[in-house]
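Below are structures written as structure tokens.
The two complexes that follow have chain A in common; it is paired with chain B in the first and with chain C in the second.
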Partner chain A sequence: MNNLFYIILKKDFKDNLLSNKAWFTISFFLLCLIIFPLAFGSSQYLELNVSISAIWISTLFANLIALDHMYKEDYNDGTLLYYIVNKVPLVIVVYAKCLSHWLFSGLPIILIAPLCSYVFSGYSENNLNLFISLILATPIFTLIGSPIAALMLGSSLRGAALTFITLPFYLPIIIFGVMGTNINNSNINAEFYLLLAILSIGMIFFPMITVKILKSIIN
Partner chain B sequence: MKKKLSLTVTKLRCKRNSISVFKPLSFKVSEGQMLIIKGKNGRGKTTLIHCLAGLLSYQGFVRWKGVEGKIGYIGHKFGLKEYETVYDFIKFWKAVYSSKVSIEEVVEFFSLFNVLFSPIAFLSFGQKKKLTFVRLYFFNNNVWLLDEPFSGMDDNNRELIVNMIESHILNKGMVVLSTHEKGRILNIKNTKELVIE
Partner chain C sequence: MLRKLHKYANPNKFSLIIMPIKNVCLYTALPLIAIGLIIGLFFSPPDYQQGETVRIMYIHVSSAWISLFAYVLIFFLSVFYLIWKFPLFVLMAKEIPFVAIIFTLITLITGSLWGKPTWGTYWVWDARLTSFLILLFIYLGLIFIDKAFKYNVNGDLSFSYLSIIGAINIPIIKFSVDWWNTLHQPASVIRASGPSINIEMLIPLMIMSTGVLLLFFYLIFTNIQSAIAEKKILFLSSKD
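Moving on to the complex of A and B:
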């Protein structure tokens, strides 16, 4: 069972690298981020609040765009069909997909965001908070997106519909994430606990829904 | 003692978009037997095979007895990634099925020497179709559901697959296949024919 997870994870990782979609999310994130200083039109440092919100907005859109090809290829070429017929446990497939998706759409952002925040605002006090809240929030983005991406597989206007449906579910996460980034006294970290709670429920809950949806969508 | 392999279908109906695809079907297939499904396009051959594989919901009864492990299936979708090499494909599915068959054996059986390290996008339709049979070769299942296995194949490949099916039947397996071929394709005595009208 563990073995199978590693095999599928490795394969997904390779697929992401080979199909040239891996770099898309992170490049979109950087592109989106670069617009903000340009749009403010001055060569001064951005306000700290602005730079943080810029990072969160870019993260949100980069994740929304990356969601589309989470299950698309496996659905189109029939790999999912073969998984189901040959009774490969779909739970393992879904977890492997979520993890590999997060490795390409979440992890690079987490690593690069504190640096961006520093470059934009000149402050580095909030970097640890930003780092922690991104670590908690990006997996939730992936997990929430996974059942919706599965749900949209049969639809012909997948991209647009996916964005509109997923966005409201991302709002609480982004609200708590930004609040967590902004706190000054580090004694009370209620936002982090809340995100952690959502993450730990979501880790069980969303993959289960995804499996159900994938099974019914394949018909 | 091992249970004898059999498939009993009674009054199978399947609805897609609230229209019944075929009239209620009843048939029985047993060990070492092959069922050939015939019928015009759009009469529900693929639907029937999907029902048997458990992919679609249906009314009526489909009873499998003595199935060991997984059901082998070849469909219209190949499940191949264009950018993957043939070797990676073989290695991945060998790992998924945790099969003991060696890669060299598969390469030799399917004569894949020339294309082993080229991306699947470079292969022709027939070669891709041949690759999907690698999945069947890997694991030891006694039931095969094949959806038009001969379409788009040249004589050599067809012979290869006929040989595969024949040896599978001899090993007390069961094959359900749909085809448009006329006349006898296979040298198997124990066949049943089902024409969907």
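Moving on to the complex of A and C:
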């Protein structure tokens, strides 16, 4: 079981690494971030709130961009069908896909975001909060996105429709994440607990639903 | 017991059966809405805090209930479709978002018109209002996913799974006024310790919401009939 997981994870990792999609996500994040200082039109530091919201918006869109490729290649070249025919448990495949998606669209952003926030606003006090809330929120983005990416397999207009349908489900995470990042809040950290609760429910619930969807769509 | 209902799963029979029900719904809904509006607008007492603006409530609350009820209906129809695989269920579920989105828009617009004199703003980003706006976007997404799969069987499955995922939003909307400190007032009719609303306001509200519910059923039955007819025409034209 573990062995199978590592094999599939390694394959996904290699596919992502070799096909430029990994670098596309993180460079899209940086490009999206650069727009904000330019759009404000001043060469000074941005305000702290603005830089935090810029980072969250860029994270959201980088995740959405990467979501389209989550199951698409494996569906198109028949790898998913191959897994089903050979009785590979789809749960393992889905967890491996989610993990590799997070490794390429979540982890680099988490590491680079505090630096970006410092460069943009000149403050570093809330960097720890930003780091923690991004660590909690980006896996939730991936987990919510995975059943919807599976739903859109085989539809004619996938990219735009996927973005449109997924966005409303991301909004609560954005709300709690931004609330958790603001240090002006009282120090109860209620938002982190809430995000952690959503993450621990979603870790079970969303891959389960994804397996159901993949099975019924491929058959 | 359930087997007796199986013959109505035939779309042809179903559309014949809902014909009289549809008319009954329409001809009871219109007088009920008229009576409810007249009592609500002219005979019910003004609120001691909100004054005359409380009369918007009779439209706002009833359409808000309908838009939540419509989602619950979509959810159960999708679950039934995934369990029993009767295509009629998903055919019905797919027609609901078009109607429900109108009621959601009415709720949001009347609510913001009421908010200007009472709260001082048209819109605040509090939990109830934001979650209701998300409901509007989920309805749009449901319509969109239906259109994206126009010529594919997977569309039915995708629609029902998406509606099941989106159902997480419904309890959030219902309990948002209890869980967070919102500007929107807490529930005063459907709650554990009985309604706290004045009986003179409750009566027109109940008449109004019954009327709107029947109107909603009339609209979705009409939509379902036309969808069945459309399916028939598509099938006939694909035969040659």
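The rule we apply is simple: the second predicted complex is superposed on the first by the 215 of 219 C-alpha atoms of A that agree within 3 Å, B and C clash if a C-alpha of one lies under 4 Å from a C-alpha of the other, contacts with A are read in each partner's own complex, and residues count from 1 in each chain.
Note that a residue touches a chain if its C-beta (ideal position, glycine included) is under 8 Å from a C-beta of that chain, and two chains touch if they have at least 3 such contacts.
Predicted model, so just to flag it, every value in this text is computed and none were measured.
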- Query: After the chain A overlay, clash or fit between chain B and chain C?
  - Reply: fit
- Applying the touch criterion given at the start, work out whether A:M152 contacts chain B, chain C, both or neither, answering first, second, both or neither. second
- Message: Is A:V119 touching anything from chain B or chain C once the two structures are fitted on A? First, second, both or neither.
- Response: neither
- What is the contact status of A:L81 with respect to chain B (first) and chain C (second): first, second, both, or neither? first
- Item | Following superposition on chain A: angle at chain A, chain B versus chain C, Cα, nearest 10° | 90
- Message: Quick check on the superposed pair: does A:A197 touch chain B, chain C, both, or neither? Answer first, second, both or neither.
- Response: neither
- Note on the structure: After fitting on chain A, the minimum C-alpha spacing between chain B and chain C in angstrom comes out at 6
- Quick one: which bits of chain C touch chain A in the complex? Just the residue numbers, please. 130, 134, 137-138, 140-141, 144-145, 148-152, 154-155, 157-158, 161-162, 164-166, 172
- Item | Interfacial residue positions of chain B with respect to chain A in the complex | 53-57, 69-73, 75-81, 83-84, 88, 92, 95-98, 135, 139, 145
- Note on the structure: Per the touch rule above, chain A residues touching chain C in the complex are 147-148, 151-158, 161, 164-165, 167-169, 171-172, 175, 209, 212-213, 216-217
- Which of the residues in chain A end up touching chain B in this complex? 3-4, 7-8, 11, 14-15, 18-19, 73, 77-79, 81-82, 84-88, 218-219
